[in-house]
Amino acid sequence: MSEFLLLLLGAALVNNVVLVQFLGLCPFMGVSNKLDTALSMGLATTFVLTLASAAGWVLEHAVLAPLGLEFLRILSFILVIAAVVQFTEMVIRRLSTPLHRVLGIFLPLITTNCAVLGVALLSVQEHHGFLHSLGFGFGSALGFTLVMVVFAALRERLAVSQVPAAFAGAPIGFIVAGLLSLGFLGFAGLDFA
Amino acid sequence: MWSFPRTLSFRGGVHPQPRKQTTRNLAIEPLPLPRRLYLPVQQHIGAPARPLVAAGDRVLKGQVVAAGDGAVSAAVHASTSGQVLAIEPHPAPHPSGLPLLTLVIAPDGADRWVDLPEPDHALSLSREEIARRVAAAGVVGMGGATFPAAVKLNLGTRHAIDTLILNGSECEPYLSCDDRLMREHPGEIIDGARILRQALGAERTLIVVEDNKPEALAALRERLYVADAIQAVAVPTRYPMGSERHIIRAVTGREIPAGQLGADVGVMVHNVATARAVHRAVRHHQPLVSRIVTVGGGAVARPANLEVPLGARVQDLLDHCGGASMAPARLLMGGPMMGQVIPHARVPVVKGSNGVIALTAAETRSADPGPCIRCGRCVAACPSGLTPLEMASRIRAGDLDGAAERGLADCVACGACAYVCPAHLPLVQYFQHARGALADRREQGQHQERIRRLAQRRRERQEAEARAKAEAAAQRKAERAARRQRKTAGKEHETEA
Amino acid sequence: MYAAIPVLTLLGLALGYALGMAGRYLKVEEDPITGEIEALLPGTNCGQCGLPGCVAAAQALARGEAPVTLCPPGGRELARQLAEKLNVQADLSAMEADAGPVFAHIDPERCNGCTRCFKVCPTDAIVGASRQMHAVFPEACNGCGQCVAVCPLQGITLKPPAPSLQGWRWPLPETH
Amino acid sequence: MTTPTPVSGPHTHAPGGIATDMTWVALALLPATAFGIYLFGWPALNLLLVTVTSALAFEAVCLKLARRPLRPALSDGSALVTGLLLALTLPPWSPWWIGVLGAGFALVVGKHVFGGLGQNLFNPAMLARVALLISFPLEMTTWVIPQPLFTPGAPGFLEGVAITFAGAPVPDALTGATVLGQAQTGLSQDLGLSRSLEGVYDPLHQALGWIPASLGEGSALLLLAGGMVLLARRIIPWEIPLALLGTLALLATAFMLVDPECHAGPGLHLSSGGVLLAAFFIATDPVTSPATRAGRLLFGAGCGLLVFVIRTWGGYPEGIAFAILLMNAMTPLIDHYLRPRTFGRTRRGRPLEPTQTAPDGAGRRP
């Protein structure tokens, strides 16, 4: 069990999908203006990513590998991810229309979120077992959500402070993201051996 | 179930230097009648009073010159006998210096009371009778809130009041008017307490005094008989102990739910000066025509506690106290924590002014506001458990909804946060501005709602008129057709005949 | 190698079918937003937004063609509500620093009681009979300005309310 | 006589202000700084002066750029304190450009990009230290065995200037590893802690500061004394130091009991590597720490936990800088969720129920 936990921690903190591997930056910068939207975006991405990495593993080991079609991996993964995202959008619109209206434009963005495809491909490359790749996907998504929420809170604070006009908005956002990844370097080389 | 430790206190609060030394040992001295008295028609919360007299009328002391107008209002009485010179706008005791309809009275020096009924020492008066006399006397909350006292008594009928608190805490620095009142007239205050308890039917009556006024406590306890079942309670000195919500929380441990009043938790709070005014109103039928005002601050030559006829101008008080020894940095009506700066000394003393304080620059310790360094001292000081720095940063950024969401409505504007802020930020002014802007926004919303309804109704009326006209036209056409038809039928009849 | 084409088509068909089923199962009809927007607009059809009436303005807003600051009589308050409803950032700076509500004021010397303004006011805010002095109810007037245009003697002007103690507001303290 | 614009709110004020607080912080740092200079001689003094002056210079340049008045901002001492704190965390004999670059990064990117004092999201000094550590690992990890001033082995004034400014190499005989560095290398070669630390870690020395360390992190006692002064003056909150040191000590003892060979005890953890300097002077930076009591306790505990995790399992021997940066990033989130209970409302913000408001049993008639 603790081995599974360490995998989660490793995926979430040590090589955090956003701040260390620099994947999924467009929703990270785009949706992080308000804390609650960032949280719901993070949860939606977690839902999609976990499903996608599971589906990816099944696809890889049940279809692509036996038929020797590894070169189709990226294409088929994107197809699956797009389907999962479309399914998530329907679920969200059914569950809460205001949330759907708020997230509106950004839901399809998850399809193009390179973190989702990246993590699915990574877990295939590292030949994880099914449970392992599920854990890796979930861990990375947790890391993504954590950093999204922390970054959203930081930007909400910046929104009410007097940032010089030259830096207000996106520039200060990028600077803070950079400084945040500076902090995350502290987790570099963290291994619980 | 919330269990509040009985610490006779509340969260947060600050300890400003009391600076009462200069005036707390000076006996109350009457202010000689000034040349003119300026009585505004609005000295209370609620609708302004309607003047009953006209320019040129002669009035006697205690005669009603303006009657209360509507449910929440208070009458205004002549503070002395004399002639009404004019009823015209004069500067109100308010930072904006905007005018307010004011009765200008020229005293004739006789100071002759209007004939009053015999004093009535009956022990048990009915609740309605007490409320009527208090209303007739125009008594309002003298602690500074100036809410009409009679309306509060009627409020007491709709809720079961089991505790009456007389607020003698006087936690504002510099002020000593309540302190002197408790030391010199404890009997009148206690009798006022009995009358109020009689009106409210409260089981417990507490006169609450901060423990930095031991002489006042002693004077009250000395005059209290065991039969009275009235206790004089000492509470730790802390600002804002005088705030109604916090004195109830400190003394009874009950916390008024947000948006409700003291009566909702069965407690009624009145200032000690209000109790004395109730005593005079009910026992001697004397209306509220004068009040005790502390004149203090570093810029006043000879600080004093004065019994001032309502309507006297601040300039008269300052002149009586030897004038301002230097130009005051800030001239305040009320205490330095919640009092308001007045634009000039030509404003009248009204029912709610408990102090005229002329502060020197050194005493204000004011400095240009620096940046907020988020030190959190305002959060620790806030007695209402809010986060002033978050509210202020949102207001500065123009996000009024964000400030409202952080608890702007629960702020009692006591000033504890701005007092401790190391960056000297005018936090209270941020909150006052935001509340005003939100009030404007609500009013504009209601105004638009009204406009939509009116436009809607006008469209419906026009459509109805159009329909009615169309029907009438159609009906007339039908009749004409019928008539023509009968005529042609008639003609055919003739041709056949 | 030749299995690639059938695998992909099969995968696409399977996913498409699954989404179709989910679509039917999770059906929810989208309530049109134009109705809600129209409820917000003043409804006086004054045309100051350049659109023929409030219903047209509501449709334009729903389609996102018009800015939320299109309605001067509505002022900043309406712009803020529309921005909230359409979930869009409203830069209120475009609207002139809201001088606050303005009301029509009829100049007593000039009014000869021709009742033209009385007929054109969308909210019946003007009171008066023919050849009698006319007056405006401030509570019922939202400064749409139609009466100003129609008065033959230019007797009507739009004025902000007189400053009063109740209306006075604390200014925002200026920052460093 | 008249006040032109209406001024509301309290017309009197508590004594003190930002400037007095900052000067007290600087004073509280003085003993540790003086001792650091005494321990590491002239090069340390040169480094300190270079760092502090360049901090003030950068502050002035940024204020000029922002077209803001120089006097109030420069004189509130915040730039001085940032420069001082940064200098204290640098290796004592590091070259001058380390100090200048660090001060530049701290003041420009760490503070004025956000809009000046009170707007920055990360502690400028720690930001600069982490940036330097990552960009110049060699210079930032050359520790020196203490050469008290005027003792024979110590470099004279001229040599000191040469070391700081002319980049003269530090003689190998004088270099040594900090205790934490020693512990980490020992662990990585699977040597038991006791063998790799004997002769290096001596609690008394550690407390007094006779060990290779950063300029100001030497003596634990002087830092503790400075911290107590600030606590007594109520300039820093007590929650953060208590929570930070408490959590660190707790974790260290727990893991030491479990496996003394792999985990150093609380004594070493607390007294080494600038934990005390950070706990009392850096983590308590009001701008980047939460504003409520519960928030500060969580902030301190978070710092303590992260320091322990990075030191025990992380790649870097010293984790305090990273811990503080990460918890600074969490501060807006902590302030968003941890708020005091509003008067008359439950913790979730709804008005209290009538039953909840009469707890003193005074018996209220229905």
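When the chains are written out, they are named A, B, C and D in that same order, and each has its own residue count from 1.
Simple rule for what comes next: contacts are C-beta pairs under 8 Å (C-beta built on N, C-alpha and C of every residue); 3 or more make two chains touch, one makes a residue touch a chain.
Quick caveat: nothing in here was measured; it's all calculated off a predicted structure.
By count of C-beta pairs in contact, A-C exceeds the other of the chain pairs A-C and A-B.
For subunit C, the chain with the farthest CA centroid is D.
Rounded to a whole number, the gap between the C-alpha centres of subunit A and subunit C is 40 angstrom. Mean C-alpha positions place subunit A and subunit B at a centre distance of 57 Å.
Work out the mean CA point of subunit C and of subunit D, and you get 54 Å between them. Put simply, the C-alpha centre of subunit B and that of subunit D have 50 angstrom between them.
Those residues of subunit C in touch with two or more other chains are numbered 170-171, 175-176.
For subunit D, residues that reach two or more other chains under the stated contact definition are 6, 8, 72, 116, 118-119, 335. In subunit B, the residues that reach two or more other chains under the touch definition are 96, 368, 370-371, 396, 426, 429, 432.
Residues of subunit C that touch subunit D in their complex: 170-171, 176. Subunit D contributes residues 1-3, 6-18, 20-21, 72, 76, 78, 116-119, 237, 286-287, 289-293, 296, 335, 339-345, 351-360, 362-366 to its touches with subunit B in the complex. Of all the residues in subunit B, the ones that touch subunit A in their complex are 393-394, 396-397, 399, 402.
Those residues of subunit C that touch subunit A in the complex are listed here as 1, 3-4, 7-8, 11-12, 15, 18-19, 22-23, 26, 28, 30, 87, 175. Those residues of subunit B whose C-beta lies close enough to touch subunit C in the complex are 42, 92, 94, 96, 98, 100, 368-371, 395-396, 426, 429-430, 432-433, 436-437, 439-441, 444-445, 447-448, 450-452, 454-459.
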